[in-house]
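Two complexes follow with chain A in common, the first pairing it with chain B and the second with chain C.
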Partner chain A sequence: MNLNEIKRYSRQLILPDFGTKEQSRLKKAKVAVTGAGGLGCPVSTYLTLAGVGEIHIFDFDRIEMSNLNRQFLYTPEDVGKPKAEMAAKRLSEINPEIKIEGINEKVTYDNAFELLKGYDAIVDGTDNFAVRYAVNDAAVVNRVPLFHGAALMYEGRAMSIIPGETACFRCVFPEPPPAGMIPTCREAGILGSVVGIVGAIQASEAIRYLAGLEIGLKNQLLIINVDEMRFEKVRVAKRDDCTACGEHFIPKPVEDVCTVLPGSEASGVTEGDE
Partner chain B sequence: MVTVRLATPLRKFSDGKPEIQASGKTIREIIENIDKAKPGFKERIIENGEIKQFINIFHNNEDVRFKKGLDTEVAEDDVISILPAVSGG
Partner chain C sequence: METLDLRGEKCPDTFVYTKIKAEEIGYSGGGKLKVIVDYPPAVESIPRSLAQEGKGYKVLEVKQVAERTYEIYIEIPAFED
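What follows is the complex of A and B.
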C-alpha cells in the first residue's frame, strides 16, 4: 500500500477487524455492478471509496432528467450521455487509485453467464425482473456471490446470496410477477434516499464479504420501510427444487415485463428508468 | 387478532397503511377474512389454492413455505408479512 492509499483509507484501516490485510483483499477484488441507476450510483460509489481494486459497471441506458432525483453521479449536462461511461468517469476522478470500467452493454439472459464470469462479487442494481433473474442465475451458475437490492416507492429490500451456501433470489421468488402486476419506479415513484439506503447496505455487505468479514444478510431478506422507518429481517431458505441453485440448473429466461408508458421520456434502450 | 404487514404493492388493500389487523386460525383464513372486506385480495395472493410464485408469506419472520404453507396455524398477536417480489432500482 502506498502512502496515498494509507491516508485515503485511514478511517477504515483503524476499524476493529479491518486492517492492511483486509484492505489489500479489497484492492485485489474485481466486482461487477449491474446497473448505474438509483442503486448503482450508491453501490459503485461506496465500492470506489472503499478501494475495491477493479469495478465494472454495466448499463445500457442513457442519462435522463428524471434520473436526477436519485442518481447523484450525473448532472443536467450529462442528459443523453451513456450512464456506464459517465459513472466510470466520475468515480475514477473520486478514486484514481483503482480501475473502473463502464460497460455500455445490455445484460440479457443470453449474455449474462458470459458477461458475469470471473468476478469476486456482483452487486445487482438493475431495475427490472428480466435482468434480475438473468443476473441471479448467472451468479449462481458461475458461483459468484451476489448482493441483491431492490426498491419501490418508500420500500427497499436487500439480501446476500452466496452460491452453494444460501438461498438465491429465485429460491425466494421462483417466478416473476405477470406483466403490469408490480409497478416499476417509473410508474409508482421512488425516493432517492431509499435507493441510497439500499445501495449503501448492498455495498456494506459486499465490502465486508470481500474483506473476509462476516456478513448479516445470508439467508435473510431485509425489508426497509422508510415511511415508518422500519427495518426488519425475515428468514429465507434454499429450495432443493430451485431451478437456479437446486440440484439441476434449468435455464429459465424471464420475459421483460416492464411496461413503458406512452409519452414517457425513456430512451427505450432498456427498461429505462433505473 | 393478528397483525398483517403488507408490502408496498399490496397497500391498496389497506388504504395505504403498512399493516392491518385481521382474524383467523390459519394464514388461509386470515387471507379469506381480509378478502371479505377488501375483495380481490385473495386473488392477488393465491392461485389454484397455493401461494403465487412471486409472493412470499412470512409468519413471525419465517417463510411459510417451510412451515405448512397456507395452513400454517397462527396465534393471537402473531405477525404475518405478505411480500411480492419488487424489482425497482
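What follows is the complex of A and C.
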C-alpha cells in the first residue's frame, strides 16, 4: 500500500475486522456492475471509494434529464452522453488509484454468459426482468457471486447469491410476474434516496464478501419499505429443481416485458426505458 | 525490535500506522514493535484499539521518556495466512 492508499483508506483500515489483508483483497478484485443508473450509481461509487481494484460498468443507455433525481454521477451537461462512459470518467476522478472501465453494451441472455465471465463478483443494477434473469443465470453458470438489488417507489430488495452455496434469484422467483402486473419506473416513480439505500446495501455486501468477511444476505431476501421505514429479512432456500442453479442448467431467457421488479430501478437495459 | 516513530501524528492516524505496521509484523511471523508518540491521547487509544482488534496483540509496556514523548511496546503474534 502506498502512502496515498493508506491515507485514503485509513478510516476503513482501522475497523476491527478490516485491515491490510482485507484491503489488498479488495485491490485484487475485479467486479462487474450491470447498469449505471439509480442502483449502479451508488453501487459503483461505494466500490470505487472502498478501493476495489478493477470495476467494469455495463450500460448502453444515454443520460436523460429524468435520471437526475437519483443518478448522482451525472450533471445536466451530460444529458445525451453514454452513461457507462460518464460514470467511469467521474469515478476515475474520485479514485485514480483503481481501474474503472465503462462498457457501452447491452447485456442480453445471448451475451451475458460471455460478458460476465472472469469476475470476482457481479453487482446487479438492472431495471428489467430480461436482463435480471440473464445476469442471474450467467452468474450462477460462471460461478460468480451476485449481489442482487431492486427498488421501486418506496420499496427495495436485496439478496446475496453465492453460486453452489445459496439460493439464486431464480430459486426465489422462478418466473417473472405477468406483463402489466408490476408497474414500470416511469409509471410508478422512484425516490433517489431509496435506490441509494438499496445500492449501498448491495455494495456493503459485495465489499465485505470480497474482503473475505461474513455477509448477512446469504439465503436471505431483504425487503425494505421506506414509507414506514421497515426492514425485514425473509429466509429463502436453494431449489434442486431450479433451472439456473439446480441439478441441470436449462437456459431460460425471459422476455422483456418492459416491467421492473418491485424494487428494481436501475438502468441501461431496456430500450426506451424512462 | 522494529520502531515506529509517530511523533507529530494525531489520532486516529497514530493507530492507522500502528495497525498497518503490526499487521506487517504479524503476517511475517510475529515479533515486537516499539511505537513512539507525542500525542498524549494516543497513549490510551492505541492499546485500547489494539485490544479491539481481537488479534492477540499484547501491550508490554508504556513508558514516558520525555515531557511529551511516550514509547509503547507491543508484542505481535504470528498471524495465519
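Everything that follows uses one rule, which is that the second predicted complex is superposed on the first by the 259 of 274 C-alpha atoms of A that agree within 3 Å, B and C clash if a C-alpha of one lies under 4 Å from a C-alpha of the other, contacts with A are read in each partner's own complex, and residues count from 1 in each chain.
Just so it is clear, a residue touches a chain if its C-beta (ideal position, glycine included) is under 8 Å from a C-beta of that chain, and two chains touch if they have at least 3 such contacts.
None of these values were measured; they are calculated from a predicted model.
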| item | value |
| --- | --- |
| Combined model on chain A: chain C and chain B, fit or clash | fit |
| First (chain B), second (chain C), both or neither touched by A:Asn128 | first |
| Touching partner for A:Met1 - first (chain B), second (chain C), both, neither | second |
| A:Thr20 touches, of chain B and chain C: first, second, both or neither? | second |
| Chain B versus chain C as contact partner of A:Asn95, first or second or both or neither | neither |
| Which superposed partner A:Ser10 touches (first chain B, second chain C, both, neither) | second |
| Partner chain in contact with A:Pro177 - chain B first, chain C second, else both or neither | first |
| If touched residues of chain A are counted for chain B and for chain C, the larger one | B |
| Touched partner set for A:Thr48, first chain B, second chain C, both or neither | neither |
| First, second, both or neither for A:Asn219, with chain B first and chain C second | neither |
| Shortest CA-CA distance in Å separating chain B from chain C in the superposed model | 34 |
| On chain A, the residue positions that both chain B and chain C contact, one per complex | none |
| Of chain A, residues touching chain C in the complex | 1, 6, 10-11, 13-14, 16-17, 19-21 |
| Residues of chain B touching chain A in the complex | 7-9, 18, 52-56, 58, 61-63, 65-66, 81, 83-89 |
| List of chain C residues in touch with chain A within their complex | 12-13, 15-17, 19-20, 23-24, 27, 49, 52-54, 81 |
| Touch list for chain A against partner chain B, complex | 35, 37-40, 124-129, 132, 149-155, 157, 172-177, 181-185, 188, 190, 195, 198, 221, 223, 225, 227-228, 230, 232-237, 239, 274 |
